[in-house]
Structures are given as structure tokens and as C-alpha cells.
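Several structures are given next for inspection.
Presented sequentially are two complexes of chain A, the first with chain B as partner and the second with chain C.
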Partner chain A sequence: MTDNSPSLRSKAKALLSLHSWSGIILGMLLYAVIFTGTVAVVADEIGEWSNSNYHKDLLVASDVYATVSRLADQTPVEYLDEISVYENDRQQLVYFFHTHKQNPSGDMDEYGVQYLVNSQGQTISKETGFGSEIFAQDDTYALSRFLVSIHTELHIPSPWGLILTGILGLAMLIASVSGFMIHRHLFTDMFSIRKQRDGQPLKRDSHTVAGTWSIPFAILLAFTGSFFSFSTAFGLPAMGVVAFGGDQEALMYALVGEQQHKSEAPMTSANFTSMVRDAAARQSSVPSYLSISHMGTESASLLAFFMPNEGKVGYEQLVYDGTNGDFIEHKPLVGTVPSVSSEILSLIYPIHFGTFAGLMSKIVWISLGVAACYVTITGLQLYAHRNENKNQKTANAWRWFSRMCVWGFYGLPLCSLASAFGFFVSGNMGASQSLWTQYSFVIAAALISLVSLAMKNLKQLKILLLTGNGIFCLILPVLRFSSSHVGWLEALNYNMMDMLFIDFALLTCALWCFIALHKKCQQESQDSNVWTPTLSDVEVRK
Partner chain B sequence: MNTTPILFLKNKRFWLSGPATLAVSLLFMLAMAAWFPPGIGNVNNIMMPLYMFPLIWAILFFYTYLTADLQKAQWILGALFIANTAILAFQFLG
Partner chain C sequence: MNHLIMTLPFIAFSLLVIFLLALSDPRRKQLSNKTNNKTSHSLTLSPMHRKLLAWSLALPFIPLVIMSNYAGILMYAGAVTTIGWAISELPSSVV
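Then we have the complex of A and B:
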């Protein structure tokens, strides 16, 4: 962007420059966010898979009202403000009786008592604390939570992680819009891999084809992703300052669509179990979670939240009057009545998470995510390769850049697989899965970094990391089986499609790794070695 | 494109497309909370600016990056800055 005379350069050249630099400066982090985002699309399935679980639909099958009433008698009255109920990935119902107050970080949080109740209705654990803390220590979601957190915040403390991922979303927007604008032959570029090409020209063609297919997806995801990051990091509080003079509580009540001051006059609540079953019958589905507000007062209500059902795109929220059990309304996602904002929000969620057509839409989203990863990888590799050959003075720096690309592109999937390995091994050993999922990732990252610095031959480094990925993809289904003893026949019997999907996805990835490995080994035996710098070379020179 | 690390700091286009565009987009988003109709649900003035922030930023960014007339771009950003600051000042002080 240092050229002061734009009239002398074509706009296409400027866009190409913008496309390249936005990728080079933030490409590696962007790859991390896109890769983990692709994994996060199946976060729910990973949760089910990591616990070899299938949902027993306990919210409908069990007597929620009886359990809530029993637990309410043991719970301090201040926590009866709101009760969240959901079935976790270990066939238990989680009842969280809570109120709202500031946590030590200064954010509004839920605070109260969480009970775990098994499918027989017995309470198996009780914990008091802030909702964010209890959730962060819950081993049930250790693996899916860890992977999703890399995507949303790169494990950087709030709000900086969110701001960074928001900036990465904007960088992705720049790269995809500029990529779209520099295409003069958009439709022919979708199919323009030329047969006679190989090596770098083939890579360039593949970059263009994958990029062209994923442009609409990348623009949508970049747009919705930066909205999520910025609105959570500072957007909503800032809106509260302007629209409500800084009254964050009033802002939350406006968004949630509740009156700020409700009557707390005592009144017996109606049967919540009947309300839940009525909601399930209306939606022909089982709710994902329930929220019971102001139980035992004349303001009591029940909200049943549903994931997109067959033939529907958005989430559904059904509200019942808790005093007489009457159905009140289909509640919008924000505000009290349907509005443009709630319609847009109900579209943004399924678009970003790929939940609009069940597992099928998720598979499409994963495929496009893989294409976007490939575009990022090949884009950076092409730029590094071009500069290695163009300028002898900077060739060394660009070779280091190539090495960093290999480290990141092959290393991040390997670290993620290692975190799943840590999850299962720690579970089998009775250690904290929440901690060991993270530790395994860090240990793998440290080892991969050391190997990447020490190994002289870049092609051999690629082969090693690819082998590691293939082996882990092969091992994980076996580890899952050894920890739960749930096999594929049993999974088919209980219709555990999520678990089967992840098992087969991992085996497909293993197969892909070994095919790629075979090709690379063949190529390796044909090519002569290209020197690239290593840490030991730098030390020798010093 | 010159890749010397420090030279881009002397470039007017960098300051316009970078910090100035970001600042104006943020101000635009905040000021929208004051003038955008809240609607029956009373939430449009809160949510619409948040949805539109990436869009506003992208439009201003590509405009300032691609325009041949930097002077005009500077005036447009300046005008948006003043107008939105005035709206916010009126909201807080008026």
C-alpha cells in the first residue's frame, strides 16, 4: 500500500497486492481459525463421540417437574430465579439453579448450584459456583470445548482473543472479496485445472479452483464470524452505553425480552413436565434445553429451546406460562416480538454453524471449510515459493517462512488430534480430562516445534508430520472404543450416527494421510533435496 | 508495491484505509444506536449496527483502498467522523 500514485497502477494489481498481503500477514492465524472452525462445525458430534454417547431424550422421558421440585427444596431460595435444564453427553440431566451476578472478571455471570441427575433420577453430584467456572471444569465437554475455544478466542484472554478473531474475520473478508474481484473469468476458473500442469503451476490452478468455489462461503463466514467476535467483545456493551446510558442490565432485559421487574408474589407452579411434552409435540422434536424462570411465583415461566428441526432453518423458542401451563408464544431470539433483528440473527446462527439441514449441511460446511484451509495453505506456499526464487537476498527468510507453513499446516491438526488422545488417556486413568486435553495439545505443539526447527529436510518433515496425523487418526477410534467399549454394531443398534460419523471421518482422514504420504514418498525418491535452513545451521553460522 | 517496512507509515492511503476507516466505522456503529429506529421489538437500534459493522468497514476499506481520489476519500471520512461524533455528543449531552 505504499504506492502514492494509484493512477499508475491498475486496480487489479492493487487488489492482487491486497489479496496477497492480507494472507501473508494474518494467513497462519487465519488458517488456525478456519481449521478449528471446520472442526467446530461438528463440535456437538465430537462431544457425543468423545463420550460414546447417544441422547436418551431425558428431558421428555423423565419427570422434570418432580425432580425440579425435589431439588428446589434443597436449594437456597435466591437461586430459584432461573433454572437451566439440559441433557449432557453422559446421559445425565444437568439442573443449574442460579441467579445473576458479576464474576471476579467483572462480567455478568450465572451463580448458583448445579446438580447432575442420572437417568434413574438420582442426584450424583452437586456443585456451587459461577456458571462459567463450572462449565470450564466439566470433563464431559472437555474436548469439544477446547477445540471450539481455539476457534473463537485462540485461547487468548477475553476480550483480546475475540478482538483478534474478529480482525481475522475482517482479513478473511478482505482476502475473499479481493479474490472475487480479481477473478475476470469467475465461472471458467471454477473448473480450470489444466491437465498438462504439475508442480507450482498445478498448485496455482488448484488454489484458484478451491478459492473460487469457497468464495461465497468465505464471505458469509467472515461476515458472521466477525459479527460474533466483535459484538461479544465490545459491541453489545458499547450499544448498552449509547442506547441505555450504560445500564447493561436494562440492555440484557431488552435483548432477552423480559420485564426488568417481575412480581415475586408466591404462587404454585403448574406441571413443567406437561409443558415440556406439549412443546416437544408441537415441534415434533426434543428440546435442547429448558429455562424455568421465577418458579413458585406468579411470574413463573418455562422456555423450551429447539435446534433447527427438519424443514426449518432457525432455532425455535417456545414459552409457557408457569402458573397454569398455557402455551404463550414462539419467542424471537432477541426482543419480545418478531423483528428484523431477530430474523437476521436466526439466520446468522445456522449460516455460521452450518446447522440448517442437520448432518448433511454440516458435511457441506466441513467440505467448504477444508477447501478454505486448502486455499490458505496453497496461497501462502505459492507466495513463499515465488519469493524464494525471485530474490536471492531474501530467499533464506522465505525458506524459513515455508518451514513455518509446514509447521502450522501439518502441526495444528496433529496437536488437535493429540488433545483428543490426551482426553481419552486421562479419562482411562481417572485424571482431569479438562486439564489433560489442554496439556496434550501444548506438549504436542512443543514437540512439533522442536522437530520443525531441528529437521533439515523440509520434505522429510512434511512426511513425518503427515505420518503422525495418519497414525493419530487411526488410533483415536480404537482409543474411543477401549474407553467406552461401544462398538459399531452397538452404535448402529442405538442409532448413534454422530459417533459413527466421527469415527469414519477419522478413518477417512487416516486413509487420505497415507495416500498423500505414499505420493510424497514417491516424489521424494524422484526429487533431489533442496536445502532449507534449520536451527543448527543458524547456530553454526553464529 | 514497496515492501520496506517503515515506508507504508508515510503513506496517506495506509492511514485512511487502516486506522481512519476503523475509527469511522466504529463511530458509525455507535451512532446508529442513537438514530436507527428501534422497531416494535425495541432491539433494532441495538442489533442492526452490530450486524452492519463488518459491512460498513468493508465498504469504507475497499473505497479508500481503491479510489484514485484520496482527497475526496479524506473528505468523506472526515464528514462521516464529524456527523457521527455530533450524533453521539447530542445523545450523551443533549
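Then we have the complex of A and C:
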């Protein structure tokens, strides 16, 4: 023993306390954020699946210039400042003619007229308002938007939701780093699982093994997640106050990399359709969205935004001169000139959500999310199990903790599935999908909470919630088919991989639930077959 | 898409290496022997060989870096993480 051993031991103890208590206090919320984050990885695919849609690449296939020119004639001049164009999940092009101004909450927002144009070029709808409001009421993205919003803000009003998720990201970072530091046999225990044992040793091993393997990505995802939350809640407003004297508009112009006062002298714009096709040819892919600025003036420009291409991780933005159609530059994400900070910033979103290589990278990122969920679950279960076996007084309190774990771990996926159920049923009935997706989640949460409080037997509660999860996973592909009549053969025909992926993922989850259910029922029956002496047995023996 | 298909052989390689590491893990074997486990694992590797095998997991990074396939690097690292976790989670009677 060396002299500093006691101090080292006390440091290790302090780290263990930090690891444990940060996990116990914030673990359940952290699980909610990680679980919905795992779902958010496939938010785009959920959007396509919930609408049984496949992208028709309308941005390249249709005549954007002709439509923009036609719609511009019907739109007030002040909204020609900027035009966003993208293909939604219902094979329509969204044209949002807008300017920028403060919304009722005091934040800078887009305000203008949004047109929905179908693949034949006909205008289906026209809506005026703030961008955030129009998007919040758009039924196309009701399900994916709702699930992503739990991940980013836990549906808590801004900025408090962002602050909370930022703190949760930091808690995950603390738990990962302290877990790494307190584990003395990190590499020797990497494969050690005592599956033949049940209870605390198994939970401890599972927690350690899953935690050890996923430490690098846990740190990476926690950091990037915290960055997102804090940069929006604190970073940008603080920068606005310090560097721009509170002028949010000036801040946004500096970040976007555009001059605040541009020449508004009239000048006919060049053909945007050929610019879009040129950008698509340069990147060998279809842009995700377009942004046309100052159309009809001598400062007109077009920006085409692309998802990461061949081997790259960051996004690409191509800028064209709107007056003559010349390609100008690959624009950095932030500012006007390429910089390291802009490069780093462009990597954060793809690394956090695994959106850099299509479905393949997303499958890997989902697995990482599942591993992180598993670490959280086993960590909390480990503490509940350990403390339940202590003295009677504390055991009762920890039994409530165990109940809360079952409620959260099985309840949250069930509520998420219920929200998808609400989305389809309300769609079939012609009701507002944006509202009923949320209501279904809340109704399911209330019912699960009541059942969790009312059912005394924890094992039966687990079985009930697992059955619910399995049934919903099985029902949802059927509901999707009944609402769209798009079957798997048709999906294969049109290469609708996203829709097929979600359908099969749900069926796999259903299978997993029923296998787990079968195992639990077998275990239950084995437990009930074990002979336990009753009062009458004791009397007979006497 | 080609840059992603390129990572698949590396991912298969990592699966094989991690499987061998798990199979020859002395601590895992020790835990497995404590039970009435009928499966006998005969694979034994020296610590030096195990170290070399573990370090070989870093080899695919070299061609990926040379080819500037950064998406592939992230994909491979993520796949190693999940494969490692999945194989470790398998009961010692299986691996």
C-alpha cells in the first residue's frame, strides 16, 4: 500500500457517488431523452413511413423557375425577400415566400405565405403566418415532429426545455467520464457477463459491459447534444447581446454570411431550374432544399442545400448568382469564408443524429442509442435492486423506485407507439393529426401511470406493458396499410426503403416483445411451481 | 454508396476479431467454468496474441483515412462498438 492509497480510494468513492447520484436523479429523464433520440435518428424515415411516401425528387424533376415566377405574381412584394423550397412527405413542393420579423414570443422568425404545389404543378393550399406556427400545424410531419420535440425539448416551453436537455447531456457526459474513471478493470471486464446468475451481479455486469463498449460514443453524443441545447438556449442569445448589442437580425445576417443591406434595384432573375439541375449534377444527388434570396433584384441568389455526399460527413451548400445563373461557391455553414469552426459546426448535426450515410449509418446510430438506453436501464435497475435488499425502511422507498423504472422503461415506448396510433386513427377520421398525436401520447401516459399505481405485482405490470408494446408494434404496420393502401409489393416496386424499414423494425420489435413475454411467463410459472410451506403444511408436519 | 459498401468487409473483420477475443477471454472462460456448462471452449490465446488481435481492430482506420472516407470511419467505429456490446452480451455458453 502506498501513502496516497486512502486519498485515491476516497477520490474513487467520490467519483462513484457522483456517477450514482447523477444517474439516480436524472436517469429517468436521461432515458426519455436517449430513447426518443434513438427514435429521432429515423425521424425522416418515420415521416415517410407515416405518410407511406417516397420522394419523387420534385426539386429536380419539376420546373421550379416557372412555379416560383407564377407564385411570385400572386404574393405581396415584401415576402419576396426569401423563398424556401422543399419536397414534403406527401409528394408536394412547399414554397414559402417570406421575410424575417419577431414573432409574438420575441424571437426572430420567418413570416410570409406558404404554398403547397402538387407534382402536376397545381397549387393545393395557401397559408399566411409565421414559419414556426405553420410548421407546428402541418399534419404531414405531425408524428416525426412530436417525437423529435420530446428529444430536443421534452415538450417544455422554450428555453427551459432546451436548458433541461442540455443539463441531461452534461449528466450523461459526467456519468460516462466518471464511469470510465472508476472502473479499475475496464479492458479485462469487457467480455465478462455472468448470465448464469440473476439479479444484481447480472445487472452490474450488463451495465459495465454495455457502458464500457459505448463510452466513446456516449461522450461524443452527450457533448454534441449539450452543444445543441445550450447553443440555442444560451450561446446565440449571449452572442447577440455581446457582439451585436442585442440586434438579432444583424446576428443572423452575420451567421448566415450575408450582407444586411443589399441592392434592391430590379433585375430579371435567371432560370433557377437550370441552376438546381447544375447543382444536382455537381453533387450527384438531389438537394434537400433551396433558398432563393432577393428574387427579381440585382442581388438575387440561389442556395442549394445537400446532405453529406460520398465519404463526407458535413453538409454542402452551393450558391449561384441569381442574375446570370453562374455558380459562385461552396458556402460554409457559418460566415462568409471557410473556417475550422464552420467545418466543426457542420459536423455536429450529422454526428449527433447519424445522418451522414443514409439508412446504413442510421442503423448503426440506432444500435448505439439502444446500447445507451440499456446502460441507463441497467444502471437504474442495479441501484433499485441493490437497495431493495437493505433494511425494511429504505427497501420500501426503493421498491417505489423499481416501480418507477418499470413505468418509465416500458411506458415511454408504449406512449410513443400510442401517439403513432393516434396519428393514423385521426388521419383516417379526418381529424387534426397534429393534435391527436399529442393527445394519444398524453392519454396513454395517464392510463399507464394509473395502471402502474394500481397494480401491486411488479412482474405482472411488466408483462402487461410488454404485451401492450408488442400489440402496438404489430398493429401499426396494419394501420399504416389501412390508411394508405400501400403494400410491401408496391413499396418494393417504388423502392420505398424507408417505409419498409420502419414496418420491419416494428415487426422485429413485436417479435422481441413476444419472445421476452414468453420467457417472463415461463419464469412466472417456474416461480409459482416452487413449493412454499403454508400454515396448514406446517401444522400437518407437526 | 460505394464508400459505405467499402466498410462492410472491415465490419465483418471486426465481427470475427471481437468474436475470437470473446472466445479466448480468460475471465469469461473462468465465469463460464463456474457453472454446469457443457460447452467446452478450447481456444486459448496468449496475452500477447490477444493484444495483437485487439490492436488489429484499428487497422481498417488506415485505408479509410488514406481514402478520406470519414463517413466510413464513423460507420466502422460505431459498428465496432455495437458488435462488441452485442457479442459480450451473449451468454458465455454460446461464445
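The working rule: the second predicted complex is superposed on the first by the 515 of 542 C-alpha atoms of A that agree within 3 Å, B and C clash if a C-alpha of one lies under 4 Å from a C-alpha of the other, contacts with A are read in each partner's own complex, and residues count from 1 in each chain.
Everything that follows uses one rule, which is that a residue touches a chain if its C-beta (ideal position, glycine included) is under 8 Å from a C-beta of that chain, and two chains touch if they have at least 3 such contacts.
Note that the structure is predicted; figures quoted are calculated from it, not measured.
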* **Partners on chain A (chain B, chain C) - clash or fit** => fit
* With the two structures laid over each other on chain A, which partner does A:S214 touch: chain B (first), chain C (second), both, or neither? -> second
* Applying the touch criterion given at the start, work out whether A:A243 contacts chain B, chain C, both or neither, answering first, second, both or neither. => first
* Could you tell me if A:V364 is touching chain B, chain C, both of them or neither one (first, second, both, neither)? => second
* With the two complexes superposed on chain A, say which partner A:P308 touches: chain B (first), chain C (second), both, or neither. => second
* Looking at the overlay, does A:P159 come into contact with chain B only (first), chain C only (second), both, or neither? -> neither
* In the superposed model, does chain B or chain C contact more residues of chain A? -> B
* Touched partner set for A:G354, first chain B, second chain C, both or neither -> second
* To do: Identify the partner contact of A:S206: answer first if only chain B is touched, second if only chain C is, both if each is, neither if none is.
  => second
* Please state the minimum Cα-Cα separation between chain B and chain C in the superposed model, rounded to the nearest whole Å. => 20
* **In the complex, chain B residues that touch chain A** => 1-2, 4, 7-8, 10-14, 17, 29-31, 33-34, 39-51, 53-55, 57-58, 61-62, 65-68, 70, 88, 91
* **Contact set on chain A toward chain B in their complex** => 1-4, 6-7, 11, 14-15, 17-18, 21, 169-170, 173-174, 177, 222-223, 226-227, 230-231, 235-236, 238-240, 242-243, 251, 254-255, 257, 332, 334-342, 344-345, 348
* Taking the complex as given, what residues does chain A use to touch chain C? -> 188-196, 206, 209-210, 213-214, 216-217, 308, 310-313, 351, 354, 356-358, 360-361, 364-365, 367-368, 371, 374
* What does chain C use to touch chain A in their complex? -> 1-4, 21-22, 25, 27-28, 31, 34-35, 37, 67-72, 74-75, 77-79, 81-82, 84-89, 91-93
